[in-house]
């Protein structure tokens, strides 16, 4: 038996180009043996063949307790996505001391950048201004800025304060915003120490000039931003929907935004791709992007960097440093799409 | 003779709504007498009538040496615009110890916000993404982000580092940018102490991922970003033209940007309003706004706040603190439009 | 059987005044039942009597696997000290999903404050200056500052980058230090992302103007700063020994510092209290304190705040947020005194 | 006549070693001609001989209006001290557009470092702890920290917010202090924008945990911290006297501090050197230094750097960037010692 570490790449839907570039391949081969499968989830027989010797799994391979039991050397599962899938027995992995890690922090800077950019566009009316200018309907200076608002000094409400919120807050700080947050997983004191003020959800919706929806989807929070809640949003507030469409009543959201009740940017949809004939595309007053907030090459470069750093740590017997550790209960509640 | 201070408001093209709101009026009346004229530059006879007693002029009243001589109590001229006009004898005002101040710093935060928002839109392709989605041509995730770049870690070149640059840099810091600057008025060490690296203009143009054109127009720098210079810009860089159109060869700029040579956002134009029939409006690949970067209500609120603070200081015999002091030579070189 | 949560306080050597003030007592009683023992470790029969129902243990109660097995409801052990004791079966607690937490982060700000204050005293010669002045031997201005150095721009080496380092670094940032760190538990990239540069131990010792010894004592690192290592320290560097005396060859350290080989501040000793007749007290050129760096009332207030916050989280079924989570392997290696 | 610029060094009491090191000499000679005099103020005939051609004066040469009139090419006077002397006609220099600059900002970082170090020593009792330990009277941990306080979260009052305050505030920020300031030259809004809260002097004295006396001495503020004011200081507060002894009733200050009414560090004295037989030296409970706060080699290096940078700017016809510009009225009020 080969005693060098065995690293198994099964990262679908991540591709080889995303997570197994030449430098990653070279780095892994310096550390030990590599078995990989791309383009689909690895077939069962391949998975079974690696279990007896595998040290590190990179990907979302289904790992129920029976498979964990057949992987006596397994030290870590590095989920290179930003969410937890339900196909791992998180509690048993925790009991075994197997690190279960996700790449969620790697996507967060890009999502935060998207959030900030769209918030400024919404507040300042920048996208609309281009259309007016091209049509010859522009007005100059203050005359064209009748509806323009600024992020400086605005009250900003974060719905959810996890990886995305933590990446976004530093970008907002120089604007001197009054930052409030709602996150049922976190204590008021914790938020205070992070420099935020805890707010009830209704209070946040009613008083924020800018709202960032950053909450992950769990088995418990589907649609918690229902029509009644969305109707509480302050008139003409700017709302950026960046995390998961499941947490809002999407139809109500688009109807209200389309009618000018609030300004909105939307990156996520209940069904992706959005059906060709969907009326969603015709909604007025919304800045749309097609789930582009996080997934650009810069984010994958960050995933690869984190992943290699943590693989090296784990194979030295040291705790991982860069990727996010699963909290078993939290991970078990998370909903995949 | 009334010994209470006389404050003269002659702020055209600033309006009463911009600089003489009810709270300003009340504040000024607590400090002394007010004479005001709005809607045009004050007529000569009105100006002449206030000169013998005026303490503070708010506005761009022409003040050649002869008028300064007729204003023995004059302590300050508060130009509530963002640039210096040539109709003041700056050297004589300096000799007399008359503070000549501009509101340039008040506009800078809004311009910086515009710059950041448009830079993110350009880098990430956010405006284009909305169009693609609405047309049903979107691709999701990394598939739709083929041309997307990020501000995180990008090299950012500032052409000009005055009020605008100083307001923009703090917004860029959390992105970990490699910040370089070109400003012939400033020494390399000064820029270094500000946390920037001094760069030659050509080096900046050739190596920056993002370029912000923030230089004011002077009698010496018209069109210094000529076609040859603009052709040095790195392919597909993102360029935000935010200060004055006079500093670039505008036709060459639009031609290059329109052809996709670089990405661009443009807020200022050689002639404003842009003529109805101008072909500028049809330029592809550019994010246009109609001189909207600085002039929103939030900026005027900031002007009023600075102005009242400095009027109070000056009438107490203390140095002004908030508005920008004219450097006589610099002010004399500045070009108005 | 009472179904309200049972919280067991057995925090010796922490006292009632440190961790069970009136507000803590009131807070705990709102959450459930409290059993407490102060002044010594709780006797075995008391411990055994609470095991069947205990939810939360606050203290260093010995918890080998047998006791863990007899505590079916146990959710968390909150060690209100700054180090891990070997009397807990960390691996089994981890398997059970029992949170094992320490208050180490609560002490860190005070230790960091001590480190900074002593470093400035050493660099600037402030303590010696008082003695010279009182003796009438002072010289003024630059004449008295012949040996004075500054922290601004100095190279600062951190030996160990855990809670103490993370608390210290923000205090050093405004001085524009060149920050380097040596920590065998951490990767170079991790340190880089934290804004530090990873350095080999010898390189750090030889090139740093200021050295902070912040490494915790483990079963593996006793005396790793041996005489040979200490002799590598740059002449006249300033060294602050703040974490654990066990990590240095203490006699060699005092000999070298006493001879003026480097400047030093020492807060920790191999034996505490230092014996009355010890020659340690007569060492010249060292700023001594008697393990005062962390343990002041402000730190205990922080412990109580963190502890109550995390007890509430855990009893709600949510992950703790404030105290430090044990990494089983790391905790097992830690050495108590 | 030689048309190259003439730079005249007459910097006494600054020495050649402080302001005319080899690199400065080389730098100046690249710019033009140098005439220098060290060890005393330049004799009148030397001064008179350079006036017709001098461009730059480095030093405190007396420059009344008659001499200014005889120096037609004079562009700048670079006072390489931290205060304004009364031997210059500031108003006439201002009228002429001659830059009058001081090196005050160069000393400020070192003074701020001193202030922070002494404040921590006072709050934490670090100096006293060394004495106790050496005498065998130490107590360990919380037992020895009965009087220890922390800067974290403390209310800190700044008396005077000029160069020293601006250098100190960034060092205090990471401690999360509640920063208040009293400065009659500054408006409340200005302080607010700087992130401070304006406070009345009595309010500041009565409520601050730490007080930094940073006010410069003027003809108007001698002894404004009189006995009655000093008696308002909160019991056991920590007070650092860092700017000028003239602003306090020094005898009352020492009496109160010596009696333990408040904790104090003192760097400046009404008479320097303090007479050999002075009872000042025997005052208990005070940390003394002999005007060491600002004047170390690092500060002179900063002076030289600023000075050369601004000489180069001025000789290019550009405004100086680094040294402090005299406000004529403020400079005229300043008192030298």
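For reference, chains read A, B, C and D in written order, and residue numbers begin at 1 within each chain.
Criterion: contacts are C-beta pairs under 8 Å (C-beta built on N, C-alpha and C of every residue); 3 or more make two chains touch, one makes a residue touch a chain.
Source: prediction; values computed, not measured.
Counting only chains that touch, the fewest steps needed to get from chain A to chain D is 2.
Simply put, of B-D and C-D, more C-beta pairs touch at C-D.
Centroid distances from chain B, each centroid being the mean of CA atoms, peak for C. To find the repeat of A-B among C-D, A-C or B-D, check which pair has over half of the same contact pairs by residue number; it is C-D.
The geometric centre of chain B is 51 Å away from that of chain C, both derived from CA atoms. Chain D has its Cα centroid 37 Å from the Cα centroid of chain C. Looking at chain B, one finds that none of its residues touch two or more other chains.
Each chain pair that touches appears in this list: A-B, A-C, B-D, C-D. Chain A contributes residues 18, 109-110, 113-114, 116-118, 120-121, 124-127, 129-130, 132-136, 138-142, 144-145, 148-153, 170-171, 173-175, 272-274, 276, 281-282, 287-292, 295-298, 300 to its touches with chain B in the complex.
Residues of chain A touching chain C in their complex: 91, 94-97, 185-187, 189-190, 193, 305, 309, 312-313, 317-319, 321-322, 327-330.
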